[in-house]
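In structure tokens below, several structures.
Shared between the two complexes below is chain A, which has chain B as its partner in the first and chain C in the second.
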Partner chain A sequence: MIWAWGSLAFWALATALNVWLARAHSRNRAVRLFIPALFGATLLLVWEGLVRSLGVSPVILPPPSMIGVRIAESLPILWADFSQTILKGALSGYLIGCGVAVAVAVLIDRSPFLQRGLLPVGNFVAALPIVGIAPILVMWFGFDWQSKAAVVVVMVFFPVLVNMVAGLKATDALQRDQMATWSASYWQGLFKLRMPAAMPFLFNGLKIATTLALIGAIVAEFFGSPTRGMGFRISTAVGQLDLPLVWAEIAVAAFAGSAFYGLVAVIEKGVTFWHPSQRGRA
Partner chain B sequence: MKDLSGAQTVIEAKGVGLVFETGDGPLQALKDISLTIERGEFVSFIGPSGCGKTTLLRAIAALEYPNEGTLTVNGMPPDKARQSRAYGYVFQAAGLYPWRTIAGNVQLPLEIMGFSRAERAERVARVLKLVDLDGFGKKFPWQLSGGMQQRASIARALAFDADILLMDEPFGALDEIVRDRLNEELLKLWAATSKTIGFVTHSIPEAVYLSTKIVVMSPRPGRITDVIESTLPRERPLDIRDSAEFLEIAHRVREGLRAGHAYD
Partner chain C sequence: MRSVLPILTVVLAIIVLWYGATVALNAQWTRDQAARAGVEVGFSEIVRDTLAQTRPKLPAPHQVAAELYQSTWVEEVFGRRGIVATGTLSNRSLIYHGWVTLSATMLGFAFGTGLGILLAIGIVHSRAMDMSFMPWAIASQTVPILAIAPMVIVVLASIGIKGLIPKAIIAAYLSFFPVLVGMVKGFRAPDAMQLDLLRTYSASRARTFWQLRLPSSVPYLFASLKVGIAAALVGTIVGELPAGASAGLGARLLSGSYYGQTIQIWAALLAAATLAAGLVVIVGAIERVVLGRMGMRS
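The block that comes next holds the complex of A and B.
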């Protein structure tokens, strides 16, 4: 019982400290990082305390310490899964999908026919359920990471396309008239004005796509994969009731997803430093 | 530089008419506009909203195309004149690109027109000095005041050294103090470069202070009601605006606007 009361007491104290810090010192950068860190630590501690004191079965919910031990024990497995699913499947699919989406957005923007014809088709593809297309793409591209990358391409393509198409329309009449007064060619207008102006929109799509890429790559492995990969590991470990390993994979996925999103956000900050939404955060 | 012997026609309009197709049917934006502008003149277009003064300037710049009459710039159709870099255009808003520095913005038309890197740097430095912005080249537009941004946009229009400068209410959004200063600087710039300037405004004092020729326009349909040749000397200190001559011209402009039912 000491675990339950102890963790609840810690929770109360930490929350009080956080509320006070957020109110009094939120301008300090270190404090701003400390507040969510303390909140996360509290969450883990309360989890640990309640699971231990209430005797919850590890199959239902293992305590975080057990997950931590499992992560430490299975680093080679986790790394192999990570590189199979994230580095090969998700990342290559993300790069291909986003790159093709940007190129198609430029084509669509140039041609009213494609705008009417291709956008609805893109919309249709985006509405297909991933559990439906993943097995088909596994059939087409084989068990290895290529089929996972294909699923990721399908998933990230549409949100990036829609955002980029909107971004290419984001210039106003004045800016286009200016380009006209300098007799700029189509490509000059595209690269000097419309591409830069579209960047804030593009990065919205790219950020959404990071999470979609991870989900796609992991879920696609449920429908066939070599004997490694995060989705493969999760589905087999559940079958073996090895829930701590499932949680370990989830933790890796969560960290990888956050890092991926964070990386794109940092690049965004560098590229769109001029945008009003970024200027204040210097 | 200036050819004082024989005046040279730069812009010539003969019976120009322009109709916009709108949702409510056709709208006669310009009707029977005839006008000649000589080299080195400072011509203001004045009139109330909807009188077509901006449309006329845009037609000269080949941003709109007339339906009737003939319009030539340097003896060419406007779009040919544009391709030969006949004019720089300053819009109502500075319209600087926020991802480019001031120097980067000023050299943008130079990049598009294919000037060499060295020549770009030299020209940017020169025009920034001309509009009194040297030292601000590395700043971004959003770090500058509205007046400085508009000066940068004038520098950008000057950078490729076109003979004609078209300005569409460039100081309309600025407060009166800044506007006075920029007007004064614009006159100096005009004297220093001997360019032909077309200037749209709805301020009578601004038009009279700046111009050698004032074109008074009235709406529905947009037409010219009066063309006033200014008798003021080319050298104009700010206090010339209190002189009897100035007030007389301003009065005539006001009469012209009234005659065109501009106050309806």
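The block that comes next holds the complex of A and C.
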């Protein structure tokens, strides 16, 4: 019981500290980072404490320490799965899907007719349960990473397309007139004015697409995969009730997802340094 | 109404492309069959055959439509196990599977929306909660949550919780985030002038909440409900994927993929799409009525 009371006491203390910090020092940058970190650490500790003291079976919920040990033990497996699912499946699909979406957006931007037709359809498709096409694409492209990449392409296409089309319309008439007075050609106008202006919108779509890419790649593996890959490992480890391994995969997925998102966010910061949302956040 | 013609054009183009792809993808099988039988096939025969295979790589749109009709209307009205013959929905009809999925979706959506709104209220009123919880809520969305869906199902099944609840939990997890973010924005939508006015009335925090923050958050609520309900449906369908689920559109997808029944997969997919579109349209209709009543129609 010491674990339970100890962790609950720590929780109470940490919450009190957080409340005090938020009230007194919320301007301080280090404190801004410290508060969520403390909250996360508290969650882990309460999890560990409750699981240990209540004797929860590791089959239902393993404590974080056990998961940590399992991660350290099975690094080779985790790396093989990571490279199969994330590097081969998700990343290649993400690059192809986003590239095609941007190209299509530039194409249909020239035709208001296509825009009026494609955008409602695109918005509609973006709301659909697209993961459902995973079994079909697995059937078409086989079990290896190509089918995962195909699922990812379809999943990221529409959010990026819709955002990019909106972005290409983000310049106002004054700016376009300016380009016209300089007698800029269509391509000059596109690359010097409208593409840069579309970047904040594009990155919005790209950030949404990072999560979708990982989801697509992992879920597609439930429908068939070679004997490695995160989705494959999760579904087989669940079957063997090897829950620590499942949680280890989830931790890797969480880390990869955050890192992927963070990477796109860093690139965004470099590309759209001029945008108001990036300024004044020093 | 100006956009009806372009939309129809695009939809028509998709259908034409679909037919073209059907012929292209299925032709190999037709040629193989013909070669095995030792007969020559001309182009028109290939086209006729590719559009009518029983297990095509890509079924033609009319085959999917026929399967949809077969597994809804025909199965229920004329089928041996249909609602007309037995009084209960047939377990072979998409209406039954759609209903299973829909009920889990609605339950999860209700949970998720409630949780999202409650957390948003907490975040708006407590600075500590805002600073400690919000970064994690955002980080939680960069995690492929759907990936843990099968685990949630199996773990809950091992402690005796089966059926609707596990799927609803996944649906709730997916739908809570859009609602949370939207409502935090919505509760903060009143500007400083309006908040100052209520302060001069010496309104309590509760009064401010009920009479200013809540009404001004309604447009944000509906915008996030539309995203949330679509996310909840996706969550439910993925929750039905792990083996053991016997009912629901996701289970239908999985069994179709096991047995190579492509037409069945496409029919289930189309049913899911219709369901998603219907749910979003319903939320949109409620939004129009409510905003109209509140005098906020744009």
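Operating definition for what follows: the second predicted complex is superposed on the first by the 266 of 282 C-alpha atoms of A that agree within 3 Å, B and C clash if a C-alpha of one lies under 4 Å from a C-alpha of the other, contacts with A are read in each partner's own complex, and residues count from 1 in each chain.
Heads up, the rule we're going with is that a residue touches a chain if its C-beta (ideal position, glycine included) is under 8 Å from a C-beta of that chain, and two chains touch if they have at least 3 such contacts.
All values reported here derive from a predicted model rather than from experimental measurement.
More residues of chain A lie in touch with C than with the remaining chain of the pair chain B and chain C. Using the contact criterion defined above for the overlaid structures, shared-chain residue A:83 touches neither chain B nor chain C, since it reaches no partner. Of the two partner chains placed by superposition, only chain B is touched by A:184; chain C is not.
Look at A:38: by the touch rule set out above, it reaches chain C but stays clear of chain B. Once chain A of one complex is fitted onto chain A of the other, the partner contacts of A:53 are absent, as it touches neither chain B nor chain C.
Look at A:193: by the touch rule set out above, it reaches chain B but stays clear of chain C. In the superposition on chain A, A:128 contacts chain C only, with no contact to chain B. On the chain C side of its complex with chain A, the touching residues are 2-3, 5-11, 14, 25, 57-58, 126-128, 130-136, 139, 141-148, 150-151, 154-155, 158-159, 226, 230, 233-234, 237-238, 241-242, 249-250, 253-254, 256-257, 260, 262, 265-266, 268-269, 272-273, 276-277, 280.
Chain contact summary for the complex, chain A toward chain C: residues 15, 18-19, 21-23, 26, 32, 35-36, 38-40, 59-61, 113-118, 120-121, 124, 127-129, 131-133, 135-136, 138-140, 210-211, 214-215, 218-219, 222-224, 230-231, 234-235, 238-239, 241, 243, 246, 249-250, 253-254, 257-258, 260-262. Taken in their complex, chain A has these residues touching chain B: 174-175, 177-184, 188, 192-193, 196-197, 199, 272-275, 279.
Interface residues of chain B, counted against chain A in their complex, comprise 58, 61-63, 82-83, 85, 87-89, 91-93, 95, 97-99, 108-109, 111-113, 140, 142, 160.
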